């Protein structure tokens, strides 16, 4: 059963259902077990809701066991290669599988401090974050009290489960998890979309770190054929969009200074809502530019 | 005679004049010698003009000797500490005294190729340039023919002399050598100048290099108390102005995203006219910004 | 046969076809007659092309008779109510049925001068124009020579025919006649679309004249539910978009000056390509705004 | 004594002083009388302060008599030509000497209602206002209670006196009464100030009224040689700055649409602080523009 469909899950036998979704909640097939009676779900949203309800209805020690079943971020299990497949891919999405020595030390320090204070691992829905925002969140959440962290950790577990379901199961509905980051280049010197402009998106931090997310070019509408990030959460964090406008204006035959006043234009901004729509356009002449959060 | 005044130079004896200005043209006191008869000058412009006229009137081999008397950029003389005081300061102004191995190799390769082709050292008025623009110019001028390079080298020598005169001699007039780079931050969210914004100016390149030129803060008019660069040429090259606007809006009590959409705003631009006025303002809200070459 | 479909026209008998399309070319059913043999057309574009080909293939005197069959703009036939239904609607679209005395005099003067010079009425595809642009065009075309005007008049006749076909006949394809004028209001103070902003579009001129084209409000995306002008040519001419932003910011609880610095924001611009896409957005804070031709 | 100087007033005899400044407060030479003992003043500010102190120290009925001594705005005295010279000029500055019938009726209705409610005329420092802002203020102040209006009326009397002193008496200091309205046009298509652009400033309202305040052109810095309004309060009200940019870009040889997308650019804004500095620049290309309240 490589491709799961919601209809198939609604129709299959009890055991197959539990096998198929047993790892949606980390090392906790009992959640799928508890949800199976609520079939048929009819929608991915209803399936997710049923699983969340099963966790919420579980006694406190079982909830705690669920939390404890999660691995540390960039922890021993990760280095030992003993993570679940889902956890491995998730941690890699934020670059936690390729940390510098310094970053690794920071994660270990924070993991230890967190476990020491709360008795559970630090849990966060990594696909909604960048390395930098995880570290920042880590520091903040360390300052919470135990009850708040228990609740927050469960919420993050539910987000992780939602993203896993959304990736795994084909259904008519999608869970509302996808943000979008897009751009648009307008040549306000010529009064038209700026086509064929090289655009690169970098994720910044922590420190001076800089990771290329995507490289593309504007099309004849001045947009990119695909959103820079789409169909998934836009990881919370700081970004730089880099537009190469000098060559564009030169090719258009516009008289330019030498070197041109504007050549490579970086736009730095941050994403705070992983499910938000971020449209970050560039309005540009050889002598001016502007940008804004559009919609 | 530590402080030279034009009036003093116009009135002093012949020998003192030549001693005082003997090094305005590199290792070539004959230029001051030739100009002395034209006294009194009355203005710095007239003094410079007289020295230029003396060079132009000299026979070709003497002009060539003047060119040959110049040191290589980042060359052996520089490493040996045997440059004139003026040349030492000039080369330091563009960072030629602290090149990486790779940059040093580039300079040596270009110096050798240039001397090989033209029989004179590569001469450029370094105070009008950055490391990056010197290297770019070097490559370009290597493609010229000998006559063009002889003329260009002389023009650069006259610029070097002008800047040396302008620094050395007090007079009522100033030589028209000063460019200006300034900024202004307007908070178009609140409708007022943005005060107390940290502003840093970096010189970029070659490669990923990044050198802090000046760090300051905006005053109550949203400007800086001093121009970022003023009273001297603005070295040709690429720059980044970096404005810290996130903390400013936070302090103003403006509701912001977390992290704020705009926090550190870099503006990258290039200077092509060392004697130009570059006003590069920032109009900013928590969700948008724009910039332009103003005046 | 109130609703014409292309399939019906392709299948019907000869006489019905000619009756149905006999007035696509003014008082000239012979054009439909000449095109009928080319059936089936399969597309509106092919039908239009066949009619155009029929006119182009006709002898010069027949072409001239077609031109002469057109009424004057705002002429006697219009006042007498003896225009074809199509002409009546077309002339009304540009306000030619409600001219001031002064404008009427201008049209009569130009009509007479044109007929005097060229022996044909002044023909223009009125739906692509405003009163002001018609008068401007009139003056310009009066300066042409007869051959150029014969050709231009035919081109305008083909445009008129195309718009009539496009309105009259249902088909899978549409003729490429529709321009679009749209707007978008972004609140760059709050970082979101500005919803519920009253927007009015006025057509300006000639002189101080000002005619309301459409009044609407922005929706939650900061756009209007319908384009301001869409599905038809955007008449060439000058416009003013008027946005009421003061009340919007007041309602948002933003501290404003009294009276607010920006309250009613007019944006004046001109349309030159009737089939173009004009996106004219407003980026606005209580203290700043910008606009541009977008796409 | 046609030109008054502060030094002269400080030195002259008692009677001359009172004669010279007897009309600074409307029909109330007793204010000058009461202030004379405080000489020498040394500054205009001290003189104004002394006169204000004299009024504040006067018994309530005398203060009331001062208020009652003021004429109605656009009232009988104005029509009869029996205003003081100062009042005549002041009322003319806001156009109260050339009201339409309708406006006149509005003023009479408001004058009567105000006198009926408060027993004093409606007093406002007219030079700080436009017709529109006076009518708006009138309606608002009618809603106040008597004590508030007594205090407000006195404050306005002190402002009137300050402007009269500032115009009448030469001194080393000036009273802080002057606002400023200025503009600046930047051609962000060409990267330079836009020179020789016709600029007109209109005062708007009430209703559709539109009064030309000043017409000028930008100089080579893109600014106007004089501020649009300077050296006096900027009357509170709504304005339109109108820039003729189409001809400018045509003359620059920039390819433009026909008609150009931007030709005459109006910028509408309001002034709320008569003593404020309003810098309202235009950044413009043939296809975009922006403006903001600068400083």
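Per-chain residue numbering starts at 1, and chain names A, B, C and D are given in the order in which the chains are listed.
By definition in this document, a residue touches a chain if its C-beta (ideal position, glycine included) is under 8 Å from a C-beta of that chain, and two chains touch if they have at least 3 such contacts.
The structure presented is a predicted model; accordingly, all values stated were derived computationally and were not measured.
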{"item": "Partner chains that chain A and chain B have in common", "value": "C, D"}
{"item": "C-D or A-D - the one linked by more C-beta pairs in contact", "value": "C-D"}
{"item": "Copy pair chain B, chain C: interface residue numbering same or different (half cut)", "value": "same"}
{"item": "Intercentroid distance (Cα basis), chain D paired with chain C, Å", "value": "47"}
{"item": "Chain A and chain D, separation of their C-alpha mean positions in angstrom", "value": "58"}
{"item": "Residue numbers of chain C (touch at least two other chains)", "value": "188, 191, 257, 261, 283, 287-288, 290, 292-293"}
{"item": "For the chain D and chain B complex, residues of the former touching the latter", "value": "186, 188, 191-193, 221-222, 283, 290, 292-295"}
{"item": "Residues of chain C touching chain D in the complex", "value": "133, 136, 236-238, 257-266, 268-270, 272-273, 283, 287-293"}
{"item": "Chain C-touching residues of chain B, taken from the complex the two chains share", "value": "188-191, 257, 261, 283, 285-288, 290"}
